[in-house]
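Below: one structure, written as structure tokens.
Note that the chains are named A, B, C and D in the order they appear, and that numbering of residues resets to 1 at the start of each chain.
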Amino acid sequence: MDLNDSPEQAEYRERVRTWLRDNAADAPRVRGEGMIQDEDERVAAWRTWQRRLVEGGLCGVTWPEEFGGAGKGPIEQVIVNQELAQAGVPGPLDFIGVGMMGPAIIVHGTDEQKRRHLGPLLHGDEVFCQLFSEPAAGSDLAGVTTRAVQQDDGSFRITGQKVWTTNAQFSAYGVLLARTDADVPKHKGLTMFIVPMDAPGVTIRGLRQISGEAEFNEVFLDEVEVGADAVLGQVGAGWTTALTVLMFERLAIGTAPIGYSAERFAAAIADAPGAREDSAVRQEIGRIGTELIASRFNGHRMISELAGGGVPGPEFGLAKVTMVSAAVDAGDLIGDVLGPDALDHDDEWGYMISFLPGLKSAGGTEEILRNTIGERVLGLPPEPRLDKGVPFSELRSRQEA
Amino acid sequence: MDLNDSPEQAEYRERVRTWLRDNAADAPRVRGEGMIQDEDERVAAWRTWQRRLVEGGLCGVTWPEEFGGAGKGPIEQVIVNQELAQAGVPGPLDFIGVGMMGPAIIVHGTDEQKRRHLGPLLHGDEVFCQLFSEPAAGSDLAGVTTRAVQQDDGSFRITGQKVWTTNAQFSAYGVLLARTDADVPKHKGLTMFIVPMDAPGVTIRGLRQISGEAEFNEVFLDEVEVGADAVLGQVGAGWTTALTVLMFERLAIGTAPIGYSAERFAAAIADAPGAREDSAVRQEIGRIGTELIASRFNGHRMISELAGGGVPGPEFGLAKVTMVSAAVDAGDLIGDVLGPDALDHDDEWGYMISFLPGLKSAGGTEEILRNTIGERVLGLPPEPRLDKGVPFSELRSRQEA
Amino acid sequence: MDLSLTDEQEFLRDAARDALRRTDTVAAAREALEDVAVGKVPTLTDLWPTAVEAGWPGLLTSEEHGGAGLGLYDALLVAQEAAAVLAPVPLVSVLPAASILDAAGDEASAAVAGGELRAAWLPVAPPSDREARWTVDPRGGLLRGDAPTATVSGDDVTLDGEVPWAPDAPGADRLVVVGVDADGAPVAALVDAADAGVTVEAVTRYDATRPLGHVRLQGAKGRRIAADADALARAWFVAQAILAAEATGVAGHLLPIAVEYAKERHTFGRAIGSYQAVKHHLVEVLRLTENARALLIYVAWASEHAPDQLPLAAAAARSGAGQALDVATREHISVHGGIGATWEHDAPLYFRRAQLSRRLVGGDADATDRVAGQLLGGVVPA
Amino acid sequence: MDLSLTDEQEFLRDAARDALRRTDTVAAAREALEDVAVGKVPTLTDLWPTAVEAGWPGLLTSEEHGGAGLGLYDALLVAQEAAAVLAPVPLVSVLPAASILDAAGDEASAAVAGGELRAAWLPVAPPSDREARWTVDPRGGLLRGDAPTATVSGDDVTLDGEVPWAPDAPGADRLVVVGVDADGAPVAALVDAADAGVTVEAVTRYDATRPLGHVRLQGAKGRRIAADADALARAWFVAQAILAAEATGVAGHLLPIAVEYAKERHTFGRAIGSYQAVKHHLVEVLRLTENARALLIYVAWASEHAPDQLPLAAAAARSGAGQALDVATREHISVHGGIGATWEHDAPLYFRRAQLSRRLVGGDADATDRVAGQLLGGVVPA
């Protein structure tokens, strides 16, 4: 059992460190104090930085070399993430494109799609967003109602509404899941498309969260026309393509550095008058700290597994449960200790307190995650499904019955 | 809004108090310190006491006068319960018979059954137990597998196993739910019987709990023969009869005095060195105390509703959830404050810590209760049922498929 | 034993509901937040005329001193209604003030009860078994501050000190200040908010419907109010009870909305309310809300029949209702899925209410601590 | 970064599992409880010969001092296996004792490591940011007691004081006692359990597989062990880690049993494991158990690479694993329905283990408090 790098990993880490020593000074400030306030300027600077990361082999770490990547494995991605965090510099602007959409195009794209999209995506010239979630479908991704209707000339017209879309406001393309056949059971009638975000009929609207910030967007599609060559994977095989994306999403999130930590939360209250002497506060920070330390070492375990050639299973989703609920509890504690000033508009903890309730619901609620883990990891039987094998077009009327 | 008795209630209370002043000295000690240790002696003394309570109108309070009861309403039952608790004397030996089985016989029994059973039951001469739960059926009462097969002469032969039976070891009769028809959906093929506990084929075995005490019994039935006149209600209508019993059970439990209290838990730790000064201990006892005080006032609200002619709805089951989980938390706290001595075999808190996990599972788990309240009180939709309309005989094979 | 509402109480509650329905207070709460987001002082709907018209400032004031002479439970009914729609009705500041003036038979009682003078009480907590002195909320941290010092000379009182996070202080004409004299005994004084020795720094934190003020008293001149220590302690418990009622009002308001949504919204082919995870959480909200309602009844009963249990009752109500509010507002967001966490939805407004309220006027944790102190001290709840 | 077990570790774990399988330790735990129920001192399966044969007393002792010279994680693997089957193997008392002797290069080290002498360490906690002195568990209440006083004269140490709730003290030949000298500095001494100044009152509480003793030292004579304060503090953290491993072992053992039952047992026409209430609770047990396992890895890493993090790591492991044990044992009863709460079922035996363990050797709450102290003091976990 060794928490340290293998010799090859240590050597790789040293190379990354050297590159960062030489280049970190040019990194833009994209969050927190000193951040570039104007969004356009910030995106432009970040785009340049992504290009630089590619040159250094720190972006597209796991992409095959033939598509401009560094051709490494997930463990090297982890090392890069750790060193970026250590150096206090941002990763690529297009975390979603590089981490999920590009890899999905590599797996399911045509040669032409790969040629056309992968280069600009990797270099940050064309940012990609993910157009999966819908207001009506909730956690049930396969229940999307956005319709893509094929025309006589083979092109498709897409109409519907997507939600919770990160980066939509500066994306060139979106990878969109739509229903092309409503007369088959719901997992079967789906198709994935690559949609230009500047196509006529696409409207983007910022979606403000509890804090008042627009963390996400809504995207409305009104008879948006795309060619037959916009299909990613096969018509009717959209669910398979979506599962690939979700697998890359798990990997991307699993290897991302973790934001909240035991030491940060403890530091927030350590100097508040009376806090350190209060046993109730101590029990609470001790409990929260224990959860977060455990989560960190579970991260180490996952990395060890990746290094051994494994792929993170659904159980690593538990890290999200631990992290979010520890952060919620920490928000409560910090607010109680620091008082209403912790709720101030610009306070980092006030922001966290506002941000977490949305996070708890976004990207699959905790309940769905616990279902998945109970079924896929523990092997518990699924809930009875009323929608199995039923044509999608009939589901609605049943629900309303 | 008035927490006090109405003039009629106050007068009734005064009568009960007077009776208790004159008679309490003769009450046997049946639990706690000074309790009659030998079970036979204890039961005999308690039986005598039940008879005395009947004479005073303090047992069978809500039974119609024609069956020997006092012909009062539930509010008078509450007053009696409060005054019994206040005087520190036990209620009737046969809480289950008087509170549930007798009332069910009054509703569903034949004239002959009423004549034969109600008198001895009320006076404690013949104790009744409830034979509903089964090891395989769990919380699903309608899933009982004990079979009652009608013979050519009209009599029934009953074979099966019951569990969690209180008082079985000194009961004269049991009210038993059995399946008489397996070829109809499960709620439909049930029949209720009055079974003599000394019939050939009945075996009773004490069921020891975590503490080592036998709080309940298992009852085995092997070809137990009962006449057609043992059917309570109609053949095939056992589920209806069971629902009546459950309604009386809710009423009996709802009006029973509550055992655990904020003040008792606080007193347990008040003098432990360091406890009163520890803010974590204070937060915990404050939280537990708040829950229990709320529960007490919810009890007052229920009584007010009874006094207004209402019947307690399923939401009063929430009192059980509050009580049990507050007591579990109190057990944790008391154990942590008093240390391992609180786990001593004879310690009252050690006993409580052992007793609660069984209570949590007995008589419908908390999960079932939350389902019921969610559906019956909040009107939320039920879970999809796979056993609706399916003949009972087919259910098993489906489950194993 | 009859805990149902009297006809008068039902009338009072329904009248409050109707009066508050005249403006869209929830929409106003969101608009006020827009002001805060752009750095402006929020403009709130002024519900003071509504409150005065309805007689709410004088609810607890006896008839002989110019009020309606109702019981504490009646005030709690109004507080529940106001909070349910996030209406900025300053009950938590005016009712403790009015009750102190009423107890003293003070000459200003009628004007405050009638709403001609808008009075705000500055929250000062009576001693507990952990804090042997009269205290005020800290600006931050857990160490409670000293109550202002009061220098008494005949009817004149001079006050020095600071009372942070005082609800509704910015809009008040008069402040009812509790200070302690040189012997540590509490003294109440009526202070003109415009007095040279008074500074009120207006602050808004997270819930724009709750105006707050840091009040600094530097040789502030006031007139003594002849209320004794019990009356001054009672003001604190009245405030706790009102915050408890507000919390209960919100939780009780949100639950049926969440239940409706859970019945209508489908996922994986079933209404989300049919899933145990959702169902059991909603039942937990019901349980906590019913508990909170029961605790308000305890407060009302103690207030009328057993004043020695009022500290326990008010603290328990605050603690239990605070818990209900916390769980209900989080669950409200959660049941509504991602949409419940967006600015346009009402759920975040109630969440903000919960987050701020739990940290005002002692905070929920201080109330829980007082419950412990009362129980460990041998108080037996009825 | 490779956190998988080495071949040697897998062998050690499998060998432990095999050795412990020779007797039905769970059945023995129930029988011992029958003895307690009728007021007898429980007869326990004596697993000391098994432990000695397997070399467990010397696991942490360096090879030069007569042990196997393995790492802390290896000992934690054995502790997990022993606890999983409720085997009364006295690791929590002998390993801290052996590690103190090893650190001192004491002449008794080899005999203790080899099991010829059965040694028990008396739990004495090093100072924390809340307790500036060396302390022992109280008999009851929250105020920790003073460590025994040690009067040192050359190699001779005279000890006075009391150490309540010392695991395995009744069966030990030698006691490793930590006392404090007149300057408050810790001193370790090896004491013959048969010394006239030593009284060991054997006690059993709730979990009959855990023999305990209240040890009274009245002028007890011992021989000084030349271990420094760091080594004596380390013994406490080793004990915390072993209790954490035991807790993890039980939780990890119970989870698959509960899952199997939840798959097989049907109610209302469905396997109970298909209901969210059951499923989500079992996932919570998984989450806590995986967290506990991760924390054991932290302990192992800190023990080898960052001794300054061992206090945090050991305390976090104790706290996190204790939580896992608590939830896992309750859930085990709950999943099994009423039958899980009966005497014949194994679930109550594990519940008893959890109930007692959380209150020994400082208790889980003390460990949580130390996590807080370390974090508030600025320690940054790896």
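Just so it is clear, a residue touches a chain if its C-beta (ideal position, glycine included) is under 8 Å from a C-beta of that chain, and two chains touch if they have at least 3 such contacts.
Worth saying up front: this structure is predicted, and the values here are computed from it rather than measured.
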item: Pair sharing more residue contacts (C-beta pairs) when A-C is set against A-D; value: A-D
item: Reference chain B; chain at largest CA-centroid distance; value: A
item: Distance from chain D to chain C - Cα centre to Cα centre, in angstrom; value: 49
item: Separation of mean Cα positions, chain D and chain B [Å, integer]; value: 41
item: Where chain D touches two or more other chains, by residue; value: 270-271, 275-278, 280, 365
item: Of all residues in chain B, the ones touching two or more other chains; value: 275, 278-283, 367, 370, 383-384, 386
item: Contacting residues of chain B [partner chain C, same complex]; value: 1-6, 9, 75, 262-263, 265-267, 269-270, 275-276, 279, 281-283, 285-287, 289-291, 293-298, 300-301, 303-304, 307-308, 315, 318, 321-322, 367, 370-371, 373-375, 377-384
item: Touch list for chain C against partner chain D, complex; value: 275-277, 280
item: In the complex, chain C residues that touch chain B; value: 1-6, 9, 73, 129-130, 255, 259, 262-263, 270-271, 273-276, 278-280, 282-284, 286-287, 290-295, 297-298, 300-301, 305, 312-313, 315-316, 319-320, 323, 365, 367-373, 375-376, 378-382
item: Sites on chain B touched by chain D in the complex; value: 133, 135, 137-140, 143, 163-164, 207-210, 212, 272-275, 278, 280-281, 335-345, 350, 353-354, 357-358, 360-362, 365, 367, 370, 383, 385-387, 390, 395, 398-399
item: In the complex with chain A, residue positions of chain C that touch it; value: 33, 36-37, 137-143, 165, 203, 205-206, 212, 265-272, 275, 277-278, 330, 333-334, 336-344, 348, 351-352, 355-356, 358-360, 363, 365
